[in-house]
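Below is one structure, written out as structure tokens; comments come after it.
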């Protein structure tokens, strides 16, 4: 790649309000300067490192970040105090526990239907799905072929941007059930409880209504 | 002014949604770090020069510009060709709100005539219909049998592809979205009745064999 | 007796996991009777405090009682001839839910990190060669946007109409009379003429509906006018009665 394109690549990323994919940078340059220009997505990738080194050398407050399969300029975390004070973003509320839980399920199991989400969460998820759709963190991806043909949900580019992910595969993996089984929390308790204790309790308990009193 | 504020000033200009005046930069820093911080609008002015010299030193494609009401980052003119091409490329993939509304009406009510569309939207829709026809998202499906025999519009294969649908019947029903916003009063009422039943069941649970049947 | 923080549970599974952790229970060997009692106590507490109990909690209460009963009955046997633990489905559900609950903690951490980063905010000063395209101001759209747009278009109209008809005191019947009166002196009239002195959009719409009503009643006919996008309204001779 000709060194002259270093600044062109920088300008393209700088002027883009959304993460711009390497392929789009390559396409723009070839469309304008000719198909024979030698430039590949891996050239772009190398250029990003070079550019970020330059910003580091002048102790700049921003860097090029790899987000949502593209590149975007963003401030470094240490300026959050000042930048946050200015922007309206600061007033934005964080996602609720219910929203995060539902997002985690959709992110790992996508495309997934509402009944499947509700099976895992154990609660009706209408309201939370609506909130996530409104926030453009999830979207409708089509229909399942199963009975009733329910709608399928999946995460959006906005989801990747919101969590600072380059790719959906960058998500930390959920622990396997086997691992949870080895979890200290549960291992420690496992031996403490004796089998017959359960039956004992079951026998002792004749009226559930009584348990009411125990709360007071 | 403490040199440490050089990058803070840069970050503030970088992240601001609007051109940021020197006075606002000064105010933000004093609000956060204390009134006794020594920083004046003329310090900011000098900082801008210093920052721009830095960008020049690394042959960057952007500068901080002074415009009537403040400071703002901008890409240099020599990259206008690339930056301009990028934004027009993007616009090809986007639809305006008015176009979206019209498209939605056509998708759900097809085949539909222009007068019918305009009755729903309450505005003349000639231009929008032409745009959608040009983008090949809608097409003419024939003529209505009603007076004047107006043209009938419907969606295209291209439309299905755009939204990742196999078939027009896969389009989510508005009812499906409404379902996500169910009536809370109704749900609460239903729950109360269910809860009473369960409690009754728990109280009657003297003979376990019987309650088994009741539950199922 | 028990200090249970209210409203901090995302659902019945979350509540059960809380009991399991608090009371150091073995998730693979859940004392069903005990946990059912705890669960019901929580629901009663909510009731006492006059808080709404979500249907999902009620469903779980029923499930727990069902399991409790099954525990005391002879065990069912699966196709391999092994005893089926009535708690198995519940345990699986708890483990699966726990996985994603853990994941949500990680997402929460990522969220807080990401909130410290701000993307470039202002693009107005970028030199661009091509003229700015109005359309590019709008976001990419999804099927969801499409449905919302449709709902908006469909729901806003009638609401406005009902409200404004009252306000302007225009009814379809009145406009029918108005149209017929206009046609008494002229054989035909075009819609623009008909709506000439109407300033409110609603009056025009009601007039248009009146027009359609008259067409349906076969009192008038419509035909294309020589002008572009225009039509003429003409009287129909009464054929019967």
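First chain written, first letter: the chains are A, B and C, and each begins at residue 1.
Simple rule for what comes next: contacts are C-beta pairs under 8 Å (C-beta built on N, C-alpha and C of every residue); 3 or more make two chains touch, one makes a residue touch a chain.
Because the structure is predicted, anything quoted here is derived from the model rather than measured.
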{"item": "Joint neighbours of subunit C and subunit A, given as chain labels", "value": "B"}
{"item": "From subunit A, the most remote chain by mean C-alpha position", "value": "C"}
{"item": "Chain nearest the overall Cα centroid", "value": "B"}
{"item": "Centre-of-Cα separation between subunit C and subunit A, whole angstrom", "value": "24"}
{"item": "Subunit B and subunit C, separation of their C-alpha mean positions in angstrom", "value": "17"}
{"item": "Interface hub residues of subunit A, defined as touching at least two other chains", "value": "14-15, 62, 73, 75-76, 79, 83, 87, 124, 133, 140, 208"}
{"item": "Of all residues in subunit C, the ones touching two or more other chains", "value": "40, 54-55, 65, 72, 118-121, 126, 128, 139-140, 142-144"}
{"item": "Subunit A residues touching subunit C - in the complex, by the definition given at the top", "value": "14-15, 17, 62, 65, 72-77, 79-80, 83-84, 87, 89, 94-95, 97-98, 100-101, 103-105, 107-108, 119-124, 133, 136, 139-140, 156-157, 162-165, 172, 174-175, 177, 180-181, 185-186, 188-190, 192-193, 195, 197-199, 201-202, 204-205, 208, 211-212, 214-216"}
{"item": "Subunit A-facing residues of subunit C, complex", "value": "1-2, 10-14, 21, 24-34, 36-38, 40-41, 44-45, 48, 54-56, 60, 65, 68, 71-72, 93, 95-108, 110-121, 123, 126, 128, 139-140, 142-144"}
{"item": "Touching residues (chain side subunit A, partner subunit B) in the complex", "value": "7-8, 10-12, 14-16, 20, 24, 27-29, 31-32, 54-55, 57-62, 73, 75-76, 79, 81-83, 85-88, 124, 126-127, 129-130, 133, 140-143, 149, 151, 206-209"}
{"item": "Residues of subunit C defined as touching subunit B within the complex", "value": "40, 43, 47, 52-55, 58-59, 61-62, 65-66, 69-70, 72-73, 118-122, 124-130, 132-136, 138-154, 157, 201, 205, 208, 215, 221-224, 229, 231"}
